[in-house]
Amino acid sequence: MTATSRNRQKKTTFRLLAPGVVWMILFLIAPIMMIVYVSFWTQTTFAINSTLTLDSWKNFFASEAYVGALWTTIRLWLIVLTLTFVIGYPAALYVGLMVKSKTISTVLLVLCVIPFWTSFLIRVLAWRPMLGKEGAINIILQKLGLIQTPIEVLLFSELSVIIGMTQIYVVFMVGPIAFMLGRIDHNIIEAARDLGAGFGRIFWKIIFPLSLPGVVVGAIFVSVMVLGEFATSGALSGRKVNLLGNIIVTQVGSLKWAMASVVGVILTILLGIVVAGFLRIVDLKREI
Amino acid sequence: MESKVLKPILAVYVGLFILFLYGPFIVLGILSFQQGPEGGPQFPIIEWSTYWYKHLFGLTPPSRIAPLPVGEALVRSLTLAFMTMVTATVLGVMAAQAFRKRFRGAGIVFYLIVLGMMVPGVLTGLGTSLLANNVVGVERHWWSTAFLAHVVYTFPFAFLVMLAILNRFDGSVEEASWSLGVSPMTTFRKVTFPLIFPGVLSAMLFAFTLSFDEFPRTLFASGRDQTLPLAIYGTFSVEIHPNIFAFGVMTTLFSFALLAVYGILMGLSVRRAKKMAMQEDIA
Amino acid sequence: MTQRDPIFRLEGVTRRYGNLTALDGIDFVAEDNAYIALLGPSGSGKTSLLRVIAGFETPDAGRIWFQGRDITDLPAHERGIGFVFQNFALFPHLTVFENVAFGLRHGAQALPKDEIAERVKSSIEMVGLAGLEDRSPEQISGGQKQRVALARSLVMQPKLVLLDEPLGALDANLRERMQVELRAIRERLDVTFLHVTGSETEALAMGDKVAVLDAGRIVQYDTPDTIYDGPVVSDVAKFLNRFNLFEGILENGIFTGPFGAVPVTNPRQNKSDTYAIRYDRTQIFDAGDANLPGPALPARFLASEYLGSSIIFLFETEDQKTVEVDHHLSLGEPRPLTVGENYTLSWNPEHAIVFGKETAR
C-alpha cells in the first residue's frame, strides 16, 4: 500500500544515477565492445569493412613481432611489479608503521604524492638527462671513479624503461600498503614482543598478513597502469621496447584498426586475468 | 630490539626513496637553466641562463630551434579540463547522492562507474576512436570525443571523493529541512550542497588535474588540434632541447598555483568557521 | 479533561529492517492539543515510530492519518509536521535567525519579507533567545541550540511536533528547566507535542498522556497516574522502575513466590507470572514480627540512599534479589536499621498488582 513512496524514492535514485550510468555505458562499455567487434573486421590496405573474419587474429599470432610484444609486456610487467613491491614495501613499512607521529607520516605521504602534480610526460622525459650517456648518473659515477667509460645501456634500453616505470608507479604500491599498515593496532605487536617473538617472526606472522590487502590493491593499480603503458616505453627505449600499447598506437597511426583491436582485446583479456588473479588472493570486500 | 636497528636503516632508506622520486626532476630543473641556444639537454652546464624560459615565451631572437607549440595547446587543455571538471563533478555528486539510499543493483552500478578509472587509457582511447571513426562516423575533436573519454576517466574519481564525503554526512539536517516544509530539491541546494562544498572542491581539483594531464585517451580520441600533453609527446620523437625542461618547470609551477588556489578556497571556509569561534571567546 | 478530537491516528503501522521488526502493527489515536509522552526502552522502536510519522521512513504496512487526512504516501515536506532532533540538527552554515527563518523562506508558499522577520522575531522571543539572532550555531550552548531547534519548528505553526529525545543531550539541571518550559510553550500554542523519551520520570512528569512502547507495540496508553498505579503488563511495571517484581507461580488464584503462597484477585493477563508491589508501598518490620499487613518476605538490609524528599532502603532476599523500599519523609522519620541485620518486609496485599498467564477465574 505504501508503494507510492517507494516508487518516489526509486524514481529519485533512477534520476540521479541515469546520466552517469548512461554515460559509462555509451562511452566506456560500448567502446570496449567495439574493440572486440572490430577485431573481427576485414582490413584492406587503407580501409576497413565489417565483413567478419579471423584474418587479423591469425596475423597477430603469425607475427613474431606481435607475439614478441605480448611477451615483452608480460616480462616488463612482472619485473616492474616486483620492483615496485620490493622498493615500495620498506618505504611503506616506515611511513605506515614505524613513524609514530601522524604528522610526519602525513608529510612523508604528501612528499610522495607531490610529483604527481607534474605532467606525467615531463616526469618520463626527466629520466633522459638522468640516464643518458652524458647524464647525471654517468657523470657522478665517473667522478667517483667507479667507472671509466659511461654506461650506455642506461638509456634507450629495456633497463631505462624499467627504471622509469618503477619510479613513476612505485607510489601506487606505497600508498595502499602504508594505509593498511597504519591500521594495525600497535598493541598486537607489543603483545607478540612480550611473548618473546623476534621482529622477523612478528613481521611474517602479523605485519605482512595484515598488509596483504594493501599489497593486492597496490599490485592491481601498478598492473593496470603498466600493462596499458606505451608512453614510457616510447620515450625511454628509443623504440627498442615495444609493448602491446605501442603496437596499438602504431597500428592506429597507420589506420590498421582491425589489428589494433586484436591487440586491444588481448590486452583486455590479459588485464582481466591479472586483476581476477589478484582478487583471488584477498577478498577485498571483506578486508576493507 | 631489532626495530632499534631497523628504524634508522629504514629512515635512511626512505630518504633515498624520496631522492629516487625527486632526482630526475631536480636534474631537469637544473638543466632548464642551460645556456642557449647552443647548450644541449645534458651536462655540463655551459653557463647558467634563463634563455630557454625566454625561448618558451617567444622572447628570444629566432634560431634553428622552433618554439614549442604550446600557446593554443594550453588554452585547449585548460578548456577541456574545465569542461571535464564540471561534468565529472556534477555526475559524481549525483551518483554519490543516489548511493546514500540502498537500491537493487548498487554493486553493479558501483563497479560500472569505478571501471572507468581502472580500464587503461589506451583501451578507452582506442574504443572511443573506433566508435567515432568507424560506426558513428564523426570527426574526432578534443572538445567532443576526447571530452567524453575524459569524463569516463575522471567521473569515478569525483564519485569516490563524494561518496567518502557523503558517508560522513549527517542526514538529520536534511530531514530537519524537509520537516520545515522545504522540498528535497531546495533542501539539497540550501543545506546539503553548502555543507559538502569542501568535498565538491576536492572532486573538482581531482577531475581538473587528471584531465589536464591526461594523455593516452586524448592521443586516440582527439583530432588534429593538440592538447598540452600531446604537444609534449610530439617532442619525444624529435631531438629534445632544454626548452622542454623549462616548460616542465613551468607546468609544475602552474600545478602548484592550482593547488594553492584550492588550498586558499579550502582555507577560507575553514577560517570563517574559526573566526566565528574566536568572536565567541572575546564576547 | 475535556474530550479532544484526534490529531493523528495510526492503523496497523509496521516497519521492518531486514528480519527485525521495529514496529509491529501499531494502532494509536492521539488527541489534539495535548502533550503526549512516548516512553520506551532503547530498541523498543520509539524513534522508528517518530520517523515514520514524520515521513522520513516509509512503513511496510499500515496507514497514518493526520488531521483527518491519509498522509501515508505524502513525502515529509508536504506533511506539515514539526520535528525536533536529539542532536538539534541546526544548519551549521546559517545564523540563529536564518535557521528559524529557513522554513518560511524556502517552504512552499513565499511569504513577504517583513512577515518572515516578524514571525521569526516573535518565535525567537518565545523561546527566550532574543539578542542571539546573529550568532552561528557553534557559538551557542546546548540548551540554546535546543531552543533554536524548537523555534525553527514552531515558527511554521504546525499542529503536531515530534520531539525525539529532545532533552537527551542536555545536562540534568537544564533538563529539568526545559521540561517546565516545553510544557509552558506548548500550552501557549494550539499544538500537540509527541515527545519520545527513554526516561520514565521524564515521561510521567511531562505527558498529559503517556504511551508505553515495548518491542514495537504500544502496550499501554493512559494518563501518567493511571500508568503509575496500574501498569497493564509486568514489562511496563519493570520499566517504570517503581515496583519490586517477584517471579513465581500463579495457580488457581494462589500466587506462590519468595514470600510464600498468597491468594490474589483479578490478575492481569501477562506472559509470565509476576507479583508487583510499589517501592513506596513496601513496609519494614522486625524479623519475626507477627503483626504484618500481608505476606512476609525475609530480607537482609544492605544500604540506604537519601533522595531529599524520601529515603530508599535496599534489601536483599534469600534468593539474592534486591528489593527496594521507598520511605517518603512526609510520613515521619524512618525507623533505624542495622546493616546486615535481617528484617521482614510486608505490604497490604490490596496494593499489589499480580500478572499471570492465567486470568481471573
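A, B and C are the chain letters, set down in written order, and residue numbers restart from 1 in every chain.
By definition in this document, contacts are C-beta pairs under 8 Å (C-beta built on N, C-alpha and C of every residue); 3 or more make two chains touch, one makes a residue touch a chain.
Note that the coordinates shown come from a computational prediction; the quantities given were computed from them, not determined experimentally.
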Contact-richer chain pair [A-B vs A-C]: A-B
By mean C-alpha coordinates, which chain is most distant from chain C? A
From the mean C-alpha coordinate of chain B to that of chain C, what's the distance rounded to whole Å? 55
Averaging C-alpha coordinates per chain, one finds the centres of chain A and chain B separated by a number of Å equal to 18
Go ahead and note the Å separation of the Cα centroids belonging to chain A and chain C. 60
Residue list for chain C, restricted to those that touch at least two other chains: 75
For chain A, residues contacting two or more additional chains: 9
Spell out, as numbers or ranges, the residues of chain B touching 2 or more other chains. 184
Mind listing the chain C positions that touch chain A in their complex? 58-61, 63, 72-73, 75
Where on chain B does chain A make contact in their complex? 1-3, 6-7, 10-11, 13-14, 17-18, 20-25, 27-28, 31, 41-44, 91-92, 94-95, 97-98, 101, 103, 109, 112-113, 115-116, 118-124, 126-131, 133-135, 148-149, 151-152, 155, 159, 184, 209, 213, 215-216, 219-220, 228-229, 232-233, 236, 240, 244-245, 247-248, 251-252, 255-256, 258-259
Contact residues on chain B for chain C in the complex? 170, 172-173, 175-184, 186-187, 190-191, 194-195, 273, 276-277, 279-280
Using the touch rule from the top, collect the residues of chain A that touch chain B in their complex. 9-10, 12-13, 16-17, 19-21, 23-25, 27-35, 38, 48, 87, 90-91, 93-95, 98, 108, 111-112, 115, 117-123, 125-130, 132, 134-136, 139, 167, 170-171, 198-200, 220, 224-225, 227-231, 234-235, 245, 248-249, 252, 257, 260-261, 264, 267-268, 271, 275
Across the complex, what residues on chain C touch chain B? 54-56, 75-83, 85, 87, 89-93, 102-103, 106-108, 135-136, 138-139, 149, 152-153, 156
